[in-house]
Amino acid sequence: MISFTNDYSECAHPLILKNLAEHCYEQNEGYSEDRHCKNASDLIRSYLGNIDVEIHFLNGGTQANLTILSAMLRPFDAVIGTERAHINTHETGAIEGCGHKVLAMPGEDGKLTPEDIEEAVAQNTTVHMVHPAAVYISDTTEIGSVYTKAELTRIREVCNEHGLLLFLDGARLGSALTSAANDLTLRDLAWLTDVFTIGGTKNGALAGEAVVISNSLLQRDFRYYMKHKGAMNAKGFVLGMQFETLFRDRLYFQLAEHANQMAELIKDACVAAGFPFLTRPVSNQIFPVVDNDTIARLQKDFTFEIWEPADDSHQIIRFVTSWATREEQVQELVKAIRKK
Amino acid sequence: MISFTNDYSECAHPLILKNLAEHCYEQNEGYSEDRHCKNASDLIRSYLGNIDVEIHFLNGGTQANLTILSAMLRPFDAVIGTERAHINTHETGAIEGCGHKVLAMPGEDGKLTPEDIEEAVAQNTTVHMVHPAAVYISDTTEIGSVYTKAELTRIREVCNEHGLLLFLDGARLGSALTSAANDLTLRDLAWLTDVFTIGGTKNGALAGEAVVISNSLLQRDFRYYMKHKGAMNAKGFVLGMQFETLFRDRLYFQLAEHANQMAELIKDACVAAGFPFLTRPVSNQIFPVVDNDTIARLQKDFTFEIWEPADDSHQIIRFVTSWATREEQVQELVKAIRKK
Amino acid sequence: MISFTNDYSECAHPLILKNLAEHCYEQNEGYSEDRHCKNASDLIRSYLGNIDVEIHFLNGGTQANLTILSAMLRPFDAVIGTERAHINTHETGAIEGCGHKVLAMPGEDGKLTPEDIEEAVAQNTTVHMVHPAAVYISDTTEIGSVYTKAELTRIREVCNEHGLLLFLDGARLGSALTSAANDLTLRDLAWLTDVFTIGGTKNGALAGEAVVISNSLLQRDFRYYMKHKGAMNAKGFVLGMQFETLFRDRLYFQLAEHANQMAELIKDACVAAGFPFLTRPVSNQIFPVVDNDTIARLQKDFTFEIWEPADDSHQIIRFVTSWATREEQVQELVKAIRKK
Amino acid sequence: MISFTNDYSECAHPLILKNLAEHCYEQNEGYSEDRHCKNASDLIRSYLGNIDVEIHFLNGGTQANLTILSAMLRPFDAVIGTERAHINTHETGAIEGCGHKVLAMPGEDGKLTPEDIEEAVAQNTTVHMVHPAAVYISDTTEIGSVYTKAELTRIREVCNEHGLLLFLDGARLGSALTSAANDLTLRDLAWLTDVFTIGGTKNGALAGEAVVISNSLLQRDFRYYMKHKGAMNAKGFVLGMQFETLFRDRLYFQLAEHANQMAELIKDACVAAGFPFLTRPVSNQIFPVVDNDTIARLQKDFTFEIWEPADDSHQIIRFVTSWATREEQVQELVKAIRKK
């Protein structure tokens, strides 16, 4: 059985484990005040030009999202996202658990539009309604699409017009930045957002999300928010060592690129088989619409997610590739798809 | 510079890293539904006789504490602990952040007494006060003391009399269970508490606390609490693999025993130097009372925590040893202490 | 200027103020443990047959809603309501502020349907999503429609099938129960819901909502939830005296009936003027669709709410009548509408 | 049976009920945007010189406290108060329910001292501890003592030194300001605190606390906090009308003065009877230390609170007088005390 279910099935890239093993007995400062976290931050900063950021390393996506939004929002403030937004659908109410409403807007192709933001603001204008104060977007999105620089710039402008903070969830940022459809850089993200994350969990790390904060007001006291939410690790250096490895010699981008290439091979097979897609496949998640018979056949040798029904005889399914996906695994799948 | 500042300075025991490396590319189920978590749970269960527990693996102590107490308490419920309790002093209000008051009682020798519990209950009896609903203790305690079976049994009885849940924070449980002063077993803990944790972070793991739940009402839906608090890892198996290693061949106990032995060497040197102690030194944390001159001298070559002032010319300091402390490091310290 | 903006513009019915004045210097127990609260509860109970309820008196609607839902929901539990639900739109995130997601479903004619509930449950089935645990409905609804006994019974059945608690917000319950479209009684509500409220603020009281709890698990400790949320009044008897007056000699129903009759006169005039309605007008809130010119003309002498745009030249407006609306005020409005 | 149990036993001063009755059918704006709230605010402002304040009217003390502190504190911020502070002991964890720790300090004579504040700040200095951000004091205190201008000024200075906000809970402010021991004015309070409250519930109102905000950052968006916490009344004018009455012709001060005078008569009798006091009796709450026999005898005709045990044969009891206490009631008690 080969899994294309997600990109967090495999442990971690060997170079990461090697870095950990090499410093096995090294004594480090606790709580991320060590040289590895500093080094990892500096390596990430080297991509950001002269933008003054604070960088923190957290354990996972939901933890990062709830900590960041807690720091962004006052009790009655709300965050705007799409209906598919991870914080709206797949975090077991973690954001509401911190006291905040998620204003879910339709979005388009998985992406939040400037019009969505305008509408959410226009709908919530009095003291009897929540106060929209932040915008949440993901890149890649929950359905694998990516934002262009023009799109992100326009969102930033709308945020500025309405006094909204902008948070980009980069749980799959590697795949986004190495997508053929992408024209954004890390520096653009630091410039255009108030906070963005660089996901490690889904791109070769044991676990870990780097939180990059360019808004100086959010930089202040962010560590208090982390500790208060249980998001500060005694052995912060374990995350630091991993991001050190990922951003030394561009490993982070190489791993993501590999995942995207593997997905493209699957995409090509799907196109050849005549499968339509939920959305244009440009990243390491692709969503072909497949007939039930083929699905049943594929499920004998492969695992993947049934995303949502398309019609009576078809379903949208999700194939995900990762840094660890081997080409021979993909070829098996491609072969199976071709049999159709 | 040799650090005796804490037991989370070093990365992880080589066997743990080896286990991770060996399964580097293995595809696992996400969210702790994998075979390693199952295996780790079964290994821990093998110490518990026929007590039916649920076991979950979380990232760190504050995260475990806030998730467990969230599951134990209704909004107006409070938890009883000592004034020194970690949840009362060193978690940045994480428990209050989940809505709950910590009722801080004096304690004795760092340990909560049955009388403390009785008094907290007696002081909070009407609807205008918080409702005491749970008891929090740590073993070893925040000052390195350990509970005896008689003490824990008496606390359980008082809990039963007042309808209180009992939670034992085992961030340093390895050191407690291998202390010469200990007569408790893991099975006793499962029997006498509703929930206890087995700390990995401070005993050789990269990170991780095993949460062992014997109260069946708390078992139900605990994973919802985890996810809601950002405490569920996509790659849960990374924690599973670590506890698998720790509880295979009793590594967990060996590592803790080593730390305790190292501490005992330091203790002996302190005794020989005539230093009194904040509390009887029985675990991997010891708290000698040392004159300022000696402290200044030791600080040239060693790092350790200044715990609290004793008098004008003395301070209580803390030495902590770990699974990674090498005997030659200890001998250096012992030598320096002897110079006094 | 005559206001048809809402039903909370006028102070309180004279009989209520008389009851307060008559007991001006009477010494009462604090925190609702007085004879007036008891008497008010008994008067309400006399409508409920042999159903064993607990009754509490709170200050207002949002306060009642957030206190009740706090008592119903665990941290990761969510409440299902319509998109128009007051808790979803007009409470400044008070429910999220208590940590809970509101699952907003489309509804039909302002009412939640069994299908809405089924769908919300079907959409949230794993530990990664919130756990639907309660259903919130309002009677009259936010657009003045009312539930029939058959509808409420069917909702109860669906709740039972899925283990959901049912809460009916009766901020305008008087108007609902005296509507020509209604076939429910207070006894039906106590039987079919777990909790319902009887709104006083919008039906003649200075302030106050009676919370009627028939689910015995929710009865337990409800006063703790009240105090914890700042919803317990030192002078609870002030609310008790008001509900005592309202439920002695059926005043509550008479006041609501009067409001409904006043609304019906306006409705008749709207029908005669050819105005369509957002929904069938059956209570003290009616929502005619009116052309902009007429609206502008009416605004010279009357205040009312512009609800939402209908088309380029028409808007949906809201007229609300109350226990205090005098027939001559209505006749003025009717005359103005006829001028069309 | 005559009650000296508290100052919230009686409904409301007749002039307040008269004002409500006179405007029984008057149509007012909702949500405190009416002329009575404006008028009441202006009347209070007339005592404050040129200090620019915002004034809001809330229902009760716990509600006011939790709403104000929510506005003052970020998630990890804590409030400093005395161990006896109402927020620490008698609000069922409402402040923790909003996520914040109460740092309880010993205090002196019921009052928080500058040293208490310094110590709380000194004890909480790292990111692993809560961040002290506000100070809570009550005037009169929970044991009836009052702050002097010199004391409050010194507290303000310490707050300024440490960047702390200062909140004075005036649930019994009338009694404080008319105490013989007082030298503070409303203007002093507006000048020296960031927020203070003027308690109506315990001084003649049906319910209500005026929240006076002089810190401009806290003024902004306070109504959002109110609504979010269920603390905004549809009929805000009911509170406005009451404070309008209380601050027209100095009624508020007259009522409090009366309560204090009644307490003084009881105090004189206690002194004559040789009862010592928990603290110097200067307000409408006095705490004599009384032998058990006398207590038993008094309990036949009077109700009052047993505050706490003094020794084996004596208890500290609490007598409270109010705006409604009649001199003949006091004479009965005085007579009974004299019998000793």
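By written order: A, B, C and D. Residues from 1 in each chain.
What we mean here is this: contacts are C-beta pairs under 8 Å (C-beta built on N, C-alpha and C of every residue); 3 or more make two chains touch, one makes a residue touch a chain.
Model, not experiment: these values are computed from the prediction.
> Measuring centre to centre, with centres taken as mean CA positions, what chain is farthest from chain B?
Farthest from chain B by mean C-alpha position: C.
> Of the chain pairs A-C and C-D, which one is connected by the greater count of C-beta contacts?
C-D
> Rounded to a whole Å, what is the gap between the Cα centroids of chain B and chain C?
The computed centroid separation for chain B versus chain C comes out at 50 Å.
> Centroid from C-alpha atoms only, then distance chain C to chain D, rounded to Å. What do you get?
33
> Between chain A and chain C, what distance separates the C-alpha centroids? Give it in angstrom.
Averaging C-alpha atoms per chain gives centres 42 Å apart.
> What are the residue numbers in chain C that touch two or more other chains?
75-76, 91-93, 97-99, 127-128, 131, 224, 227-228, 232
> Which residues of chain A touch chain D in their complex?
Residue list for chain A touching chain D: 31, 70, 74-76, 98-99, 127-128, 131, 221, 223-225, 227-228, 232.
> Under the stated contact criterion, what part of chain D meets chain C in this complex?
Residue positions touching the partner: 2-3, 5-6, 8-14, 17, 20-21, 23-30, 59-67, 91-94, 97, 201-202, 206-207, 224, 227-235, 237-238, 241, 324, 326.
> Chain C touches which residues of chain A in the complex?
75-76, 78, 89-93, 96-102, 127-131
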